[in-house]
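Here chain A shows up in two complexes: once beside chain B, once beside chain C.
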Partner chain A sequence: VKYLDEFRDGDIAKRIAEEIHRITTRPWATMEVCDGQTHSIIRNGIDQILPAGIELIHGPGCPVCVTPLDVIDQALAIASRPEVTFCSFGDMLRVPGSGKDLFQVKSEGGDVRVVYSPLDAVRLAESFPDREVVFFGIGFETTAPANAMAVHVAKQQGLRNFSMLVSHVLVPPAIAAIMTSPRSRVQAFLAAGHVCAVMGLHQYPTSRAFARRSRHCAGVARCCRARSSRTHAPRSAGNARPARRSARRWSRARARVPRTTTTGASGMTTRR
Partner chain B sequence: MCLAIPGRVQEIREAGGMRMGKADFGGIVKDVCLAYLPDIAVGDCAVVHVGFAITRLDEASALETLETFREMGLLEQELGGAPESS
Partner chain C sequence: MIGRAGAARPHPPDSVIVEERRVPVKPQVQAACDLLGLDPWQVANEGKLVAIVAPEVADQVLARMQAHPLGRDAAIIGEVQAGRAGMVASRTALGATRVVPLPLGELLPRIC
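Up next is the complex of A and B:
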């Protein structure tokens, strides 16, 4: 792919960081909406090279974090049934329910399979007509069209053994809730790029919502650039677990600003 | 599943009434569903998420960002002028 190397040039990144240092005259509380952005920031050390006054607050944009506990419990119950082949994105397997996680169901003999695409689950249903194939359809605006297409294809093919456990959530209402909360300290967002790729920008609240709340508003930093998976660290069980505590809060679209705590030398704040 | 990956469309075919294809992700070739990008052609780049091409990789946007870099005096120093494609 063209231009990828240019975007990853460390020397250019350093110069941009210097420029940010030069123009930063006061503290900023900035929220990166997606966990993919958080991973990129931490993995590439961007938090280390930003001025101390620029505070990065991790946002709600992680499908693993925002899937409600009762849906995870439903998934565990369905996956445990002997007639079911339960298909899921790999991220969800270590997310704990009330008692266990999907990995444990698998180790206990449950037919739990990791798929890359919901269409893979449809193919499984086609290949194993005697199994009840259930796909765990979670995520944001980005996975919803893919999951919908899987349902469409299964119906077209007349499959009677394919179904989906669905838990989709929207990004803009969460951002709107943060922007309008009187307790929010967030002054700018690094917005969810792939959500914009699917939905466009019109669904995002305008910076006027900020202005109503704060004299220090800066508007929404829009990030519609594609990222590459090469900068993405895989989610580990270690960070999936505590993050889930915020799941129900976000899923109700009554998002409150995360309580922040300062960590170590990086000066970065985190709610995890 | 969180990330979409940029890939280049290598082949387009119809499968079960749906527009499917193969895309090259830096050497790894995978099946992708192209139903949501009816105009995409072989050789185009797309952002692919959970097996679905969700948007054409917008070269103009990439150029716009590069232009910003250039205005900051970064590209000339690094690349000696116009960005080269790889």
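Up next is the complex of A and C:
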């Protein structure tokens, strides 16, 4: 498949890392919003090749982790019913509710199935009219359109045995909450590009609006908008010095900045 | 194939370091895994041989394996080192090191 290997090219990544080393002259507490980004960072060891002053804080953009406990408990209760075929994205199966997880429900005889698309659940409802097919509709802006499409298709087909347990969340309010929290040290976001591909950039406030609401630097929102302006947020005039010269400044600055926890400034913990 | 370094030492704890770039993964396998949200390192892979051999004969063994039609993609993918016993680490394409986790139950495709 084209455009997969290109994004896995170690040499290109190393060159980009060198460029980041070259232009970075001060510490940055950066939050990657999406858990797919976190996964890639850890999987490839990107955190190890960035300058020491770039701190990566894992953000709230994991659709599985942010699904509220009571919704998971509802899912477990529904999936346990004998008349129900419960369909979910795969990684939701291991997330524990108050007592068990969907895997356990499945092992106890519940009809729990992993699907790649909510439309697969619609097809199941079509194929098994005597079953109540329930799809677990979770996620951010990126999964909502496909879930809406599944409801649309089910209605068009007049299916009476398809329903959805919905728990959708939005990215910009989460980013705004982090930025306006007095405890937050996040200075920049690696925003979720695929959310912008669905929603556009209009959801994000301008950097001036952010600056009014946040006590942090004015440039924070720039990375959210970097795709349109093609600017590098950490770069400003006169700071393109070799990384070695700024190392002492970093260590001084780091001494003032308390270490972060891996749960990130949002206080969200990962359940996986 | 994995070379066994430090074999002369009496009882060093053994760990394995794998060079990710050297592990032969067919492009079609990688592409299918990418589409399905799976990691080829975690997927069951039947009909494969991982041999741990002494470093001084590694090249010789490799040559014999590559001479066979079924072994033509054979490669030296890493080495056994003194380290935390039982740990497998890998060097990524970026030159970073990560711990390779054991597969945890059923493989689940990731939603994002």
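Note that the second predicted complex is superposed on the first by the 204 of 272 C-alpha atoms of A that agree within 3 Å, B and C clash if a C-alpha of one lies under 4 Å from a C-alpha of the other, contacts with A are read in each partner's own complex, and residues count from 1 in each chain.
Just so it is clear, a residue touches a chain if its C-beta (ideal position, glycine included) is under 8 Å from a C-beta of that chain, and two chains touch if they have at least 3 such contacts.
Given the structure is predicted, the values throughout are model-derived calculations rather than measurements.
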- Message: Just checking: does A:A17 make contact with chain B only, chain C only, both, or neither of them? Give me first, second, both or neither.
- Response: second
- Message: Quick check on the superposed pair: does A:R8 touch chain B, chain C, both, or neither? Answer first, second, both or neither.
- Response: second
- Message: On the A-aligned overlay, A:C34 touches which partner chain: chain B = first, chain C = second, or both, or neither?
- Response: both
- Go through the superposed model and pick first if A:F103 touches only chain B, second if only chain C, both, or neither. second
- Message: By the touch definition at the top of the document, which applies to A:T142: first (chain B), second (chain C), both, or neither?
- Response: both
- In the superposed arrangement, which partner chain does A:R185 touch: chain B (first), chain C (second), both, or neither? neither
- Does chain B (first) or chain C (second) touch A:F89, or do both, or does neither? both
- Name the contact category of A:R81: first (chain B only), second (chain C only), both, or neither. neither
- Task: Could you tell me if A:I49 is touching chain B, chain C, both of them or neither one (first, second, both, neither)?
- Result: second
- Taking the contacts chain A makes with chain B in one complex and with chain C in the other, which residues are shared? 1, 4-5, 9, 34-36, 62-64, 89-91, 116, 139, 142-143, 194
- Query: What part of chain B is in contact with chain A in the complex they form?
  - Reply: 1-8, 16-18, 25-26, 30-31, 33, 35-36, 45, 47, 49-52, 54-55, 57, 59, 61-63, 65-66, 69, 72, 74-75, 78-79, 83, 85-86
- Query: chain C touches which residues of chain A in the complex?
  - Reply: 1, 4-5, 8-10, 13-14, 17, 34-36, 39, 42-49, 61-64, 89-94, 103, 114, 116, 138-140, 142-143, 194
- Item | Complex contact set, residues of chain A against chain B | 1-7, 9, 11-12, 15-16, 19, 34-36, 62-64, 89-91, 116-120, 139, 142-143, 145-146, 149, 153, 156-157, 194, 197-198, 224-230, 232, 235
- Going by the contact rule at the top, pick out the chain C residues touching chain A in the complex. 21, 27, 30-31, 34-37, 92-98, 105-106, 108-112
